[in-house]
């Protein structure tokens, strides 16, 4: 990682540097939290909740608001520490990759077009009629199929697969192992067994779309599976055929979205949520972790649970669920007082214990 | 994509062409839904529910039943529009890949056997004693380990991994990034820490099996992890060691099946369902989305929920869950009327709100 | 697979061989369960529950305790059959890979360092300043980024990606397609849309860590995402940025752990469980299948459900859930007897049926 003198960081970010002596202009080698930073690292205080950590931090210097500048050995002063910290991070970002040019160990079709300043690493395959914009970087092991179109400044990390006809806007970043444009799961049960329906569409990403590691975005049966500008999709997410996702959505890891569902703008889906097919998910809505969405979601709605209920009911149920066994007893007591015959609820099903042991996948060879 | 004159499509599919004038024999460049088709695209009406769309569609031509032939500008007439549409799709399917032969940039062991008409793209590795049937296509970045056997006409899309000893029947299609034959999760906790149990088995697929992108089918501890003829497995599915899946099953995205479970024929598992290990899942059964299966499932059973209950109970509970807070109040009221001391149920646990914010993985650096 | 005479197996494992005649020293070609073993295979009896299978097994020989030695044709006798069986497995383990040396079809930076006895297969990319210990094996299609450090005896199966700065201890095994060090999901919603926060940290694994196929371990925003010695992570698991996992944990397939959560030692997480971010999961705790963890978990705690409750409540609720519709009726009956106005609970929401059909992703083209 690179290193900088404090004064250089201050100059680059336009921050006011408060040092007690000129010897305090030390060399900074990284960035870390107040808790973990060492004497050659820079830290920051954005949330006043953590102000007490200023006393104990070992950080070499801290980005702070003016009113905290005297509480640290060396202060970089600003009214907005968080964005300044984020900018400082870019100074220290570990470079990924150091190759440039088009490797002779890559296989680039003479019928493909590469924009100015593209880098294609060894072991990449670029098929005929693929078109890459300016300044794209294609890491080792990537596959770019026929008729793919990439905008300017796209980055494909190692082992990314773009099947034929995939379209990327400008500035898209695809993490390692992601697969765009694999065949949608188009199988229909018929009297004569399962029939495969050819998937003749493609995948299209807007500008500045981010796709996570080992995610899978299937190509449309017909026309287009669409991901809008600025939307960020995390690792291991599944997006089915003909799904359309709007702008600036955050789709967290291991979410699954079934075929033909349309998602609006600014939607957030928490980890492991699942969305059924052919639904409309309104803009600005939020879908909780592990939620199972089986119905349309209105604009701005917040839902949780599987199947989903509204947020407040979800929270209330989460509070009540541990009381459910007691509720059964309370009702039985009332019934007894009313002279009803007792209703037996079977004992706890201990066969469920097996669930635990079995699912743990600890081997039980005989 | 290829293009065809309407008369050529009619001839190839054996459809009756109804045109108002010879100039109506236009060039068709693709297929789309009635809603989205443009004037050079073909569409179809299979479900009478959508018949009203015939009036507004911009499709250049439509595959319809005889009774609708006069409602569209250009009609391709058949008694069974859907299968004809599916067949028309194959005419327009975007070709994936355009290379043939065995690339000198691949690494094929001299001790491997390739059947007639196989294509092996650059950057593929085919290990000693691997045997490929006739007409297999191996896209870039695939690994075929020692002693693998592939039937005729198998397609491995880019970056597929077959570990040593994997067996594929005829006509199998493996989507990009899928891994077959990785080591099963064979770890046992012992007094001296975790012991790894060697996984000496392999994976075997029947004929016409489809495996989705980035799916993982582990090799058996002993003998065989089996997937039967015609079974289709979607993206990001996990199949544990020694699992045996029957014929014509549909296993939707992100399902996980734990080790040694046996699945019958014609089983459907919806997205994100999980199945515990060492279970028997009867033929023709259906497992709902996000279901958690902890017990054997009988033939033809339909189950949902986690842990699973029968389908009707699942649906009923889904209806009742939003009423659970009210039920607690109703019981409290009855108790009050019976002169009981009030039972306090704690307030909604607002710490769960944190679940939302935390799980959303929006960064909270201090 | 290799084969051995029975006497050779006995000698190698230090077992007592009991044969009825010298001709009984047959050649053994594999290992299998009592149920499935054939006449040239070795089996074992560890669990007395399966002793009755000794009568019917077709196994050529069986590893048994002394008191069972007369019940089988050919016995290998030991007081501890299970560990002996596990050791026997290693004799029959199918070799994965047969290449050695550094391939001229790999791309290894002259600035990388390879320890003695490393094998680097074709189509691997080893970036500048990467350092590999002794005896590492790097299968085809792997990417090892800048400044990565691998201990001795690490195995990277095909298509593994280690982004820049990833550190592995000794004896780590990474299954095919796993991605270590991809960018953490660091996106913050701001007034001006989503801002990406650079992820400048890295991933570090202890000794003898195992990572499953197509798993994703994200690099830290700052400092380190950590996986401790001996921890085993299964296929398709997601580990977020800045997560720290202790020693000897078992993390089963499709689990997701959100950013900055700290996990103790000897923790077990069952399949498809999800853990929210910024939590502490105590040592020796167990998290059930599909559980949703939204709060800290104490040392030794066992939890299930989403959101999680303690194990016994989880089991009790699992027993009671099928009785929930009945409970609603019971309360209604009591209310009627108390002279209350009936409270209508809506009919079962049949729109949920759509959940099934839709989620099944069976295609519904119009």
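For reference, chains read A, B and C in written order, and residue numbers begin at 1 within each chain.
The criterion applied here is as follows: a contact is a pair of C-beta atoms (placed from the backbone, for glycine too) under 8 Å apart; a residue touches a chain by one contact, two chains touch by 3 or more.
The shown structure was predicted, so the numbers you read here are calculated from the model rather than taken from an experiment.
Undergrad: Angle of the rotation mapping chain A onto its copy chain C, from a C-alpha fit, rounded to a multiple of 5 degrees, please.
TA: Between chain A and chain C the superposing rotation measures out at 120 degrees.
Undergrad: Can we say the copies chain A and chain B touch using the same residue numbers, with more than half in common, or are the two sides different?
TA: different
Undergrad: Starting from the mean Cα coordinates of chain A and chain B, work out the distance between those two points in Å.
TA: Computed from C-alpha means, the inter-chain centre distance equals 22 Å.
Undergrad: Specify, in ascending order, the residues of chain B that touch 2 or more different other chains.
TA: 33, 123, 141, 159, 177, 185, 187, 189, 197, 214, 222, 234, 236, 240, 250, 252-254, 258, 271-272, 274, 276, 289-290, 292, 294, 306-307, 318, 327, 331, 334, 352, 355, 359, 361-362, 365
Undergrad: Residue numbers of chain B touching chain C in their complex, please.
TA: Where chain B meets chain C, its residues are 33-35, 45-47, 49-50, 53, 85, 107, 123, 125, 127-128, 141, 143, 145-147, 159, 161, 163-165, 177, 179, 182-183, 185, 187, 189, 193-200, 202, 214-216, 218, 222-223, 234, 236, 238, 240, 250, 252-254, 256, 258, 268, 270-272, 274, 276, 286, 288-290, 292, 294, 304-307, 309-310, 312-313, 315-320, 323, 326-327, 330-331, 334, 337, 351-352, 354-355, 358-359, 361-365.
Undergrad: Any idea which chain C residues touch chain B in the complex?
TA: My answer: residues 1, 30-33, 36, 86, 89-90, 92-98, 103, 105, 121-123, 139-141, 157-159, 173, 175-177, 185-189, 197, 210, 212-214, 221-222, 230, 232, 234-236, 240, 248, 250, 252-254, 258-260, 266, 271-272, 274, 276-279, 289-290, 292, 294-295, 306-307, 318, 321-322, 324-325, 327-328, 331, 334-335, 338, 343, 345-350, 352-353, 355-356, 359-362, 365-366.
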